[in-house]
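Just so it is clear, A, B, C and D label the chains in written order, and each chain counts residues from 1 on its own.
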Amino acid sequence: MKKALAIALVALVALSGVFAGGAQESAAPAASDNLIVVGYAQVGAESDWRTANTQSFKSTFTEANGYRLIFDDAQQKQENQIKAIRSFIQQDVDYIVVAPVVETGWETVLKEAKDAGIPVILSDRMMDVSDPSLYTCWVGGNFIKEGEDAGKWLIDYLKKQGRSNEKINIVTLQGTIGASAQIGRTEGFGNIVKTQPNWNMLAMQTGEFTQAKGQEVMESFLKSYPDIDVVVAENDNMAFGAIDAIKAAGKTCGPNGDIIIISFDAVAAAFDSMIAGDMNVSVECNPLHGPRVAEIIQKLEKGETVDKIQYVVEEVFDTSMDLPAVKATRLY
Amino acid sequence: MKLRRKKAFNETTFLLTITITLFFAMYIAGMIVFKNNGFARLQVFLNLFISNASLIVIAAGMTVVMITGGIDISVGSFVAMSCMMLAHMMERSGYGAIHSVLIVLLTGIVFGFVQGYLVSYLKIQPFIVTLAGMFFARGMTAIISQDMISIKNPMFLSWATHKIYLPFGGYTNRKGVLVIPYIYPTVIIALIALVVIWALLRYTKFGRRIYAIGGSETSALLMGLNVRRTRLFAYILDGFLCAIGGILFCLNTCSGFVEQAKGLEMEAIAGAVIGGTLLTGGVGNVFGSLFGVLIKGTIETFITFQGTLSSWWTRITIAALLAFFIILQSLLASSKLKKRR
Amino acid sequence: MNEKLKRITHYRLFLPLICLALVLLVNMIKTPTFFHLSIKNGVLYGYTVDVVNRASELVILAVGMTLVVASSAGTDISVGAVMAVAGAVCCYILSGGAVSVNEYHAPWILGLLAALVAGTVCGAWNGFLVSRMKIQPMVATLILFTAGRGIAQLITKGQITYIRVESFKLLGANIPGIPLPTPIFIAIIVVLITSIVLKKTALGLYIEAVGINPTASRNVGIKSKQIIFFTYTFCGLLAGIAGMIATSRIYSADANNIGLNMELDAILAVALGGNSLGGGKFSISGSVIGAYTIQALTTTLYAMGVSADQIPVYKAIVVVIIVTLQSEEFNRYMRKFSARFAARKAEVAK
Amino acid sequence: MEEHQHVVLTMRGICKSFPGVKALQDVDFTLRTGEIHALMGENGAGKSTLIKVLTGVYELDKGEIRLEGIDHPIVNRSPEEAQSKGISTVYQEVNLCPNLSVAENIYIGREPKKFGRIDWKTMNRLGAELLKSLDIDVDVTVPLGHYSIALQQMVAIARAVDMSAKVLILDEPTSSLDELEVEKLFTLMRKLKGQGVGIIFVTHFLEQVYEVCDRITVLRNGQLVGEYPVAQLPRLQLVAKMMGKDFDDLASIKSLRKHTPAEDVVISTERLGHSGTIKPFDLQIQKGQVVGLAGLLGSGRSELARCIYGTDRPDSGKLHVDGREFAASHPIDSMHAGMAYLPEDRKNEGIIADLSVRENIMIALQAKRGVFKLLSRKEQEEFTDKYIDLLQIKTSDRDAPVKSLSGGNQQKVILGRWLLTEPDFFILDEPTRGIDVGTKTEIQKLVLQLADQGTSVMFISSEIDEMLRTCDKMEVLRDGAKVAELDGDRMSQESIMASIAGGER
């Protein structure tokens, strides 16, 4: 009995010690300096893109630049983000930046932020709220445009190849159903498909943004549809899986292969894949939102108004470019 | 008489005491460490309840099932299904808020009944039944709709955003805005549900039978208790509480989508275990589970306040805490065995 | 009586087999090409190969899970997370901490061994909690279930770590010149070795005895704790192997996704194989059939174009049907019902 | 008295069969008010089945049950239903919930209520009063699991009594009670009898039957042998009826024993102790000697056996095996040292229920050989058949699960298991508990046979005459300490009883 009690006490002391130790650096008083406090509610660390995004914020909002960043990582759960925002309000932050896990369901907590007078800036994904005044502005890529860019690139590419009038069979590896990127990219690419009567969308199936699932679904596609011309993978990871599946099936892909691979995000690994000649194109989804958000905050600090919707610059990279040179200039 | 009662050491109360002490110790430690960041504010404490209202109710349901010696791992999926049903009914099918809520409650009862029937009458292991339930509910969510649906039903939103202000503990923040502590109706519903379940377990025949069948099923049967029906009702109650939890969850998030509430079942189980409920059955208390959930919430709050830790630390800390409690329970149990020898 | 008993033992495998056959039958009707096999680039190619290939990790996990269930009447819900840990450890060692490498930073075999050791250590931790600390298996493994992916992320610093070396992909793909993917062979080897060990030694008997009555087993000289500890450690090792296959398939450590929800499928496979989750008597072959059934079902639904999100509904329905058919209570009802039916028929005949 | 007795319960033509077994065939049973009616029979005679049919645990196949005051045959589908009709039962194994408080265990299912909620105060008060009336003084708010098995059994009886039953079934309630408690129970039974309750009493102790019962119904092999007033059925006849044959008087066994004293000591303990249960204990067992441990339940006799075998680890003192110091960290060590141990609790510590008879028999030898040296199938079958034959184990098949056997046959399987390991020292803890008279005799004979072959035996039993017949030497324990060591002519019922009771000797 006594032993158990002793253990309990020791653990308790140790536990509080951990928190005390861990908190020392960040426990500087919030009001006694002139740093701008920014709370960033990040989605998680689920992909390369996401880590680059986090890194961009962490390197922009430094004390040297006049900020203190309170970073929270929601492990892909909306309820965790809601908790984080509530906690930011209590910590008296000056600005809240949210990269929402999902678009829906933010009414309550944004109202709380508004009531406390804290401006909310959205990053990456949009929020679907009935009252747009609940957030100040949104910064991110235009997923629909990304999808359309991909479609337009395909039109050009086919034209160059002289296949404009051929029947083109397409399969899509969708992202996690319901994610903004999935919705936007599916819609954007779909818009272009509608204009091209010779394009035939054979199938769409989710690969949940992961390489393993992308590979598994692609295997299944290859068996059901022997004559696929184009694979649209809604992120690079799924494209890698699809490429492996295609190769395993004894087919080839890339600029010199049987199947055209269109991908999104353009992470470093995608450049490698294009350089290796496996992937045709990757539409950039720029994760470097940090500097842009900092700009907005500076404007707001001066009392200026800002545009409600702010797109980051996004490019299309394909194998016709000098990819090694481009890759050298990229930060992620 | 009094003296003897003292002598008969009750490990259940002891575990509960530790849980509660730990919670307060952690909380006070937090207030000291983060005293400049506003941790000591009343609202931070209230946020624990606001953010975990649904989990409190679901953990109570889990506790009931665990006392019977069972488990329900379908709760997370069921919450997702409830949210999707609410969102779909209100936004796509034109049902009113009240109707939608009632339908979800009914679904909870039916879901609990089916699971309970399979467990109690067909004697299939609870883990397997609720595993199937988990798959089923998650898949049904996707079948109802694969979209993300925002709830914009005015009545539902008015419930969700209706703040109940407390008359004390207000402060002015850096923006010069007076922030008055508040809670949402969800908190009140959760606490009422908790008290009702507590009373049900303590003061009704049904409640005592749940403990009896968890303590020893054969004995309960031979003592003339209807084991099957009791177990069935326990699962129905659990289903009903999950439906309430689902509605509370939806009031917090106001949306429905497939991926919602993933892993909630493990949080509920962790809450119950930290709160002193034994998976072997027969021992448990819904208030213990409440504190289990609050401890989990406090850790999460710590990590947000700390502001630089990555997400995996939440998982690792909760796991460490879980390990601590589990090992403590086991040490207690073995010391008790030794004493009896 | 002997015959009757034999029939019952056959019955154990009968249902899982019927189930597998049913799934395959649906395939035959829905997707006529399902059983087509062809050779492309010297590699056997077809849906069935995919099913068998994709099921490999599950088969391996199911073997470990069967033993865990049999010896301790509990389930190890941490296997998916352990897979992620094993993958992370391996990639960390091979990459030397970098995010993406094109050549090994350490010998390949070292990474593999480290992954297996990591899996074994995780299993041993679970085994320690269950056998020494007498903690209910589900609760004990809940700890690693919660922490596992966190630890994996800690190792990879939250990044997906790529090992872009051809030889690293061999475990998860085809070895040149061999017509079937490597995972199939690994799964077969694991099943074979386990079965042979169980058959040629008294281990199987010990595991069953411990699962049925640990105290009595101790009294007859079986070290129950050691047996339980062993099954968990072994299960961890197998999770490590499965983790290596999954990692090799995508030549990267993805802490969030490797082995995600695999623990549930593995438990399902054990149950589908006619094994009681209450411990005791077990059949490895049943679990293996169960694992293939689950994968066949998944592949079928992919082929039929059912959205991946909706697949769980069908899985759930299949599970409920199978466990209901296996349930003794249900069979009692059915016997009673058929007896009544026969009696009525006899009456009518009169 | 006989005149105003009337029938409270009749069972007519009861049939019940399980797959492969006809457990009850056309059994009649009559119970009158205010009588204690013993239900006797060997193991497998159908006593338990009859009771389970009556209490609704099993459904009966054929026959009718009538209860006084109900003008149609009743069918009990569950114990709940039986209870509601006034039939309550106390089982051999305590069937209460250890996690609930004592008071709750008494009142669960019929808790006193106030304003629609359970009135805990009243319940605790009533519970305490009820137990006090039975001379039991405990804190009723404490979980039942904190108390000893004997006390739990008394609580179970209190519960059954308080249900104001018309029919009270006591299914071997005395097996975990010491003599004082048994006496208490008998007083209680007589009191209830006076109140007009009909009591069905199942027991293996003949003495108890003659002490307290009015009437005896004997079953054999699922069939009714007959119903007799106690006065008209002498012991010997009763046993004969139960066995269905003339049998050699148990007392004559002793004469078969030709004791050859051997000098080599196999087991000796030197101040062996275990805190809380055994005070430092000295004991010497010679080759081929049968040593009995006598004492009341809880006197430390089983605990001593467990310490020697290594199931429990002694805290102090030394154990010597064949003259060498020996400390087992696990039973397997003791097995290698030549020991075998038949535990008291057959169900929980002896048999491995789902395994077959064959596996249950071979498992100890297998464990001794080690995991890598699996006995071949042929060897396994040979050994199994040998012991099925030798011990006359009644089983349909060597591969039938051992749980399908009757208690006595299960015990024989465990005996077979240990004989197969050819032990030098065999600890038998209550080998004859819950076993019919015939098997008891066989086991006693077996013990003597083993001793003649040079095996030393430690024999523990609650039945003193059983030990007197088999043992060369008796160690009497009280409160964990040795109070007497008796051998030869000094071994007698009186001397042992006196030692246990704490008299001069």
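Criterion: a contact is a pair of C-beta atoms (placed from the backbone, for glycine too) under 8 Å apart; a residue touches a chain by one contact, two chains touch by 3 or more.
Just so it is clear, the structure is predicted and the values come from calculations on it, not from any experiment.
K.L.:
Moving only from a chain to one it touches, give the least number of moves from subunit C to subunit D.
P.N.:
1
K.L.:
Name the two chains that are joined by the greatest number of C-beta pairs in contact.
P.N.:
Per chain pair, the contact count peaks at A-B.
K.L.:
Specify the chain most distant from subunit A by Cα centroid.
P.N.:
D
K.L.:
Between subunit B and subunit D, tell me the centre distance in angstrom, where each centre is the average of that chain's C-alpha atoms.
P.N.:
The computed centroid separation for subunit B versus subunit D comes out at 45 Å.
K.L.:
Measuring centre to centre with CA averages, how many angstrom lie between subunit B and subunit C?
P.N.:
30
K.L.:
Could you state the distance in Å from the CA-based centre of subunit A to that of subunit D?
P.N.:
71
K.L.:
Got the subunit B residues that touch at least 2 other chains?
P.N.:
142, 146, 258, 310-312, 314-315, 331
K.L.:
Going by the contact rule already set, what residues in subunit A reach two or more other chains?
P.N.:
44-45, 76, 177
K.L.:
Could you please write down every pair of chains that are in touch?
P.N.:
Applying the touch criterion to every chain pair yields A-B, A-C, B-C, B-D, C-D.
K.L.:
Which subunit B residues qualify as touching subunit A in the complex?
P.N.:
Within the complex, subunit B contacts subunit A at residues 9, 18, 21-22, 25-26, 29-30, 32-39, 41, 43-44, 47, 50-51, 87, 142, 146-152, 157, 160-161, 173-177, 179, 184, 249, 251-263, 297, 300-312, 314-315, 321, 324, 328, 331-332, 335.
K.L.:
Where on subunit B does subunit C make contact in their complex?
P.N.:
Touch list, subunit B to subunit C: 71, 118, 121-125, 127-129, 131-136, 138-143, 146, 258, 266, 269-270, 273, 278-280, 310-316, 318-320, 322-323, 326-327, 329-331, 333-334.
K.L.:
Applying the document's contact rule, which stretches of subunit D touch subunit C when the two form their complex?
P.N.:
20, 311, 330-332, 335, 341, 343, 348-355, 359, 363-364, 366-375, 396-397, 399-400, 417
K.L.:
Where on subunit B does subunit D make contact in their complex?
P.N.:
So the residues of subunit B in touch with subunit D come to 1, 4-5, 8, 10, 199, 202-205, 208-209, 211-212, 214-216, 218-226, 282-283, 341.
K.L.:
Write out the stretch or stretches of subunit C touching subunit D in their complex.
P.N.:
On the subunit C side, the touching residues are 1-2, 5, 200-203, 205-206, 208-209, 212-213, 215-223, 280-281.
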